[in-house]
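Look for chain A in each of the two complexes below; its partner is chain B in the first and chain C in the second.
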Partner chain A sequence: MFRLKVADAKLLRDMASAISILIDEATFQITPEGLKLRAMDPSRVAMVDFEWPKTVFEEFVCTEPTKMCINISELLKLLKRAGKDEIIELALDEKTGRLQVKITGKYARTFTMPTLEASEEEVPTPKITFNVRAKATTDGLRQAIEDAELVSDHVRIEADNEKLVFQATGDLMGATIELKKGSDALLDLEAKEPSKATFSLSYLTEIIKAASATSDIATLEFSTDMPIKLDFQQAREGKLVFYLAPRIETA
Partner chain B sequence: MLYSEIADVYEKIEATTKRLEMTDLLVGLLKKTPKEIIDKVVYLTQGRIYPEFVKLEIGVAERLAIKALAHASGRRESEIEEDMKKTGDVGETAQNFIARKRQITFFQKPLTVQRVYETFDKMARASGPGAIDTKVALLAGLLADASPKEAKYIMRTVTGNLRLGIADMTVLDALSIAYGGGKETRELVERAYNISSDLGKVAKVLAEEGLEGIKKFKVVVGNPIRPMLAERLSSPEEILEKLGGKCIAEYKYDGERIQAHKKGDEITLFSRRLEDISDQYPDAIELLRKHVLAKEAIVEAECVAIDPDTGEMRPFQELMHRRRKYGIEKAMEEYPVSLFMFDALYVDGKDLTLEPYPVRRKTLESIIQEGERVKLAKSITTDNIKDLENFFLEAIENGCEGLMCKSTAPDSIYQAGARGWLWIKYKRDYKSEMTDTVDLVVVGAFHGRGKRAGTYGALLLAAYNPENDTFETVTKCGTGFTDEDLAKLPEIMKKHVIPHKHPRVNSLIEADVWFEPKTVIEVLGAEITLSPIHTCAMNAIRQGNGLAIRFPRFTGNYRLDKAAEDATTTGEIVEMYQRQLKKIVES
Partner chain C sequence: MYQPWTVKYKPKSLKEVVGNKEAIQKFVDWVKSWNEGIPEKRAAFIYGPPGVGKTVTVEALANDFKMELVEKNASDYRTEEAVKRFAGLASQYGSLFGTRRIILFDELDGLTGTADKGGVKAMVDVIKTAQCPIVLIANNAFDPRFAVLRSYCLLIEFKKPSVTEVLKHLKAICLKEGIDAEENALKFIAQRSEGDIRSAVTDLQALAQGKKRLTYDDVSWLGFRDRQENIFTVLRMILYGKTCDGAKRAVNMADVDVDMLFEWIYENVPNHFTDPHDLARAMDALSMADVYRGRIKRTQDWGFIRYVIDYMTAGVAMARVNTKTSGWTPFHFPERIQALSKSKEERSIQLEIGKKIKRKCHISATRASKEILPYLRIIFKNNVEMAAGIAKWLDLTPEMVEYVAESKEKAAAINKLLG
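Now for the complex of A and B:
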């Protein structure tokens, strides 16, 4: 049994929205410590690692570890009904196996929605040695990605100790976006060695756009031709991390 | 079991043209397959995930499959489409692109048969507004983990292009060898298939329970029985001889053969090819609900389009208006159907498939309550060539294709899924199509019913025979009259009504109303046929038969300029018949 109360309806909604970028059916783990989800998109190109310790919640009751799978876009529809300062309470009705979504504020309403068969798949976190670590504003990243998107459907991210460069090459046009270390957008940059890797913009754009709603600062980590880790810093103790597998660009 | 094992066998099957080799490959695959998923493997080899009669299909359009491939390979859809132009095969293109993937994925896992099947199943069941996205995502997920070869067969399967050319019979052979103990057990296995139409179920029962399980196979309401088929002959002598001198001859209606499964109020209709066509015929279902008196039954009928005004049968083509997804309500009104019942295969717990035909027909008669639109197929039992021939001509003239002549012998069982000599089609070799209109004399009429109550339902029309100065009947026409025509007809004809047949009219048919032969109307028919009942040109073509016009339609022209003696002559009709007589080429 569990009952979770969230005071910040907007944050919960934005979080659900960020997760829904990659997956439809989301299997959450609820333990006495908090709420967790780690999942891959069906094509196994991207991964999301989300965690909200119980301290994030206004109220957190969980008697025993539970797995719950729900259709995240359906949940999102309900969450969108909540106003900014309203309180959302999630609870599992053990008799019916349905999730109760209670929104209270101006008035009270309770929705119920079905839970699905939980995925048994344990998704491990990728073990990668990253050579580059960059801390940037999510706004700066967004701008860079939107620039790149104008000319291509993928982008090469390169870094040395001076700058972080986004290089996009389309059939006709090209774009180079440079973020200098210490600039407004790029707060910090460390590179053990110059590195570069290419990523699909369709994933990258959606991830960055959705996650920026929850966070102002992101840490990027990558190595040459390896997956990239995007850690979106959360105001409270929560965690929202994405991994994205690279593309191989043959000459 | 890994999907790659199946893909390897597919590849070998594709490379062979020899059926025996194909069978051997299948035997190998079936033996290797764990018993609990053998049904799934059998469906997959057929490019399906369920038996044919289950309506669900994976149903992914090529465009969407390309989208999923673009996703999984990290390539642009335009690049893939370009390659498709070269290969012409979505499978081969998938193989190329998965082999040269741009997008790396996390934790690639080998595909199991279970996962592939379950994903296909999820794709088939996806519905609602997000269904397309769900299908694409699921397919992309499979492709992400697929080897190039696996990708080829996955793509072909989801787009309905697997086409390995493995016939049902080859699967039955392979099953008998792999699990039945040898090819000689094939007959038993085949019977199980013929009464269930479900290769997967047969495979599973055979693999898990052996031949004993197969022997226990029963007809089940809801599982279509593979239809019994007929041989064909074109002379009544040969037919009677083949059937032991006696047969039950039935009208062979020009409609769609349906197998109706009734379980209480729930009725499912299957086509001859075992597709569920219930949605096309809600009216037929309603009729069966009322007129089949058994609680549970499997019966066969011919579903025929009828003229909503006259109740006359219309040609088969008219039923095509019912092959639609939308607007079936309207089509039902414009193209109503009648049902002509001809067999009962199962009634209230009793499997009749091994009973002789006369017993089945009798059982059918006992559970069908006939009505305006549900009738037993018109039949005679005969041992006489002439009677058979006349019944045949009558059938043709009434809009049927010919006759179905059925054995009455003790061994005249329902041979599910087989074409045999227990049933023989008697169809025409020749037909004479009509290209010109004719002007015919109105000599009689029949009272209308239903919508046409109070006016005439059809007119009896005759051609003029100048030698004898008589009018010889050639057709009964109720089609082509507007509501206005119908309203006016009794008024127009009133002055010509006489209490009995006119002495100059030669008719074997009793009309409800007789007229003086005065009025001439223009008619167009589909063809001219030999007739046992019309007197036009009697004995001219064949002794004992006249000529008749099939599917006549009033063109709307009253030939007021013509006297009855100016009508088309019987001689002209004979000439038309002979000029247009052509051998029928079966398509």
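Now for the complex of A and C:
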């Protein structure tokens, strides 16, 4: 049994929308410590690692660890009905196996939605040695990615100790976006060795767009032809990390 | 906890997969060839009857080779967009865990006709540029809608394993479950499954779970199951049926509906019934079946379907008296269906032109295309200016002009006048 209360509906909505980019059916783990989710998208190219400790919640009751799987886009529809300062309560009705979503603000309404069969898969965290670590504003990243998206559906990210470069080459056009170390967009940059890897723009754009609603600063970590880790620093406690696999480059 | 034995005793490694050793070796060689660069065929198409271990083989291989298996069922890739989203990324991008990946499209048979055309097309696009092995699985790889797909794939046929091989698998399960089973009881189950290991294991579980002993008497009451047979087997049962019962039973095994089966029988009877008297009797039976089909259509009283079935199966089978079976005669796809689908485009453009005439002449579109169109044809062939004037008045599209003029040059001249 559990009951969660979030004072700011927007917070929950933004988080759900970030998760919904990668997955349709989300299996959350609810433990006395907090709410967790780690899952891969259907093509197994991307992973989301999300965690909210119980301190994020106004009220957090969980008697025993529970797994709950829901259709995240359906939940998102309900959450979109909530105004900015409205309070959201999530509770599992154990008899019917349905999730109760209660929104209270100017008036109170209660929705119920079915829970699905929880996935048994335990997704491990990728073990990668990262050679580049860059700290950037999510806004700056978003601009860079949107520039690149104009010309191609994938982007090469390159970095040395001076700058972070986004390079996109399409069938007709090309784009190069340079973020210099110490500029407004790029707060910090460390590179053990110059590295480069190519990633899918469709996922990058959506991830950064959705995550920037929850976060102002992101940390990018990558190595040559290895997955990238995007850690979006949360205003309150909590964790929102995405991993994205690199494109296989044909010689 | 209840767990199906098909899951519990699913082979984890290729060594444990029952039968099809050669096909599996071919598949393994192809996957290994990826180590030396991208092979000529970037996809493998595994096909064969249900329950012979196609999916299990791919899963076991992924497990043996420590590859990441990305799999989807037909319902998940009906549309172009769905395929692109799932496989487009998976086939171009690496793994998060540094392992190699193998992509599996299972149950391709589940895709239906034209509605899912986009899905097959997108699959071809994905295969053309895939950076990792792609595996397709279907019961029938030779379905016309897979024609294009096939040319990009290495075809691997899985056959029904022999009774001995199925028997061996059943014995192994009994040993692990601690069931003392009589040899001929297991043999009966194995034979009855007709090479479908999955159904054999399911049967075994239903009959033996929780028991200490399994005897022949425990299983012998089971009949032989009706299986979905392909259309050729069904036709053979009807056209060469010795008993009414046998011919009628064929309908239950057919994977096409009764109307389609009727067309198949109608098409093939003349080639297989060489004796004129036999043929006349068969055609009589078919005409009776058709009378009842008409009644169903008019009254929507589907109770008549039993007469349709009796006449077209038993009636046809019993018509065969004098014809001797001689050699092998092939079965043909119903020409009527083929002709209808071929002329579909023509009929639709005729109707469109008819609709244009209907607006101007205040007659029905059907009548217009029947009575006016022939005159337009003559005009369009002989008088370009007049044709252009009419085309303008009727507001015909360039395609319609070309259709009426029946020649590219004439149509070009008319369209030029139209500007």
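By our rule, the second predicted complex is superposed on the first by the 250 of 251 C-alpha atoms of A that agree within 3 Å, B and C clash if a C-alpha of one lies under 4 Å from a C-alpha of the other, contacts with A are read in each partner's own complex, and residues count from 1 in each chain.
Here is the rule we go by: contacts are C-beta pairs under 8 Å (C-beta built on N, C-alpha and C of every residue); 3 or more make two chains touch, one makes a residue touch a chain.
The model shown is predicted, which means the values in this text are computed figures rather than measured ones.
Undergrad: Quick check on the chain A-based superposition: chain B and chain C, clash or fit?
TA: Taken together on chain A, chain C would clash with chain B, as the superposition shows.
Undergrad: Touch test for A:Pro126: chain B only (first), chain C only (second), both, or neither?
TA: Both chain B and chain C are touched by A:Pro126.
Undergrad: Answer with first, second, both or neither: which of chain B and chain C does A:Val45 touch in the superposed model?
TA: both
Undergrad: Kindly classify A:Val101 by the partners it touches after superposition: chain B alone (first), chain C alone (second), both, or neither?
TA: A:Val101 sits against neither chain B nor chain C.
Undergrad: Considering only the touch criterion stated at the top, classify A:Tyr243 as touching first (chain B), second (chain C), both, or neither.
TA: Touch partners of A:Tyr243: chain B and chain C.
Undergrad: If you stack the two complexes on chain A, which partner ends up touching A:Pro227: first (chain B), second (chain C), both, or neither?
TA: Both: A:Pro227 reaches chain B and chain C.
Undergrad: Between chain B and chain C, whom does A:Leu92 touch in the aligned arrangement: first, second, both, or neither?
TA: Neither partner.
Undergrad: Looking only at the overlay on chain A, choose which of 24-32, 510-518 or 546-554 in chain B hits chain C.
TA: That would be 24-32, the only stretch with clashing C-alpha atoms.
Undergrad: Where on chain A do the contacts with chain B and the contacts with chain C coincide?
TA: Overlap of chain B and chain C footprints on chain A: residues 40-45, 47, 124, 126, 154, 200, 227, 243, 245-248, 250.
Undergrad: Please name which positions on chain A make contact with chain C in the complex.
TA: 40-47, 124, 126-128, 154, 199-200, 202-203, 225-227, 243-248, 250
Undergrad: In the complex formed with chain B, which residues of chain A make contact?
TA: For chain A paired with chain B, touching residues are 24, 40-45, 47, 73, 123-124, 126, 153-154, 200, 227, 243, 245-250.
Undergrad: Of all residues in chain C, which touch chain A in the complex?
TA: 38, 68, 70, 72, 76, 85-90, 92-98, 101, 131-132
Undergrad: Where on chain B is chain A touching in the complex?
TA: It comes out as residues 71-72, 74, 76, 100-108, 130, 134, 137-138, 140-141, 143-145.
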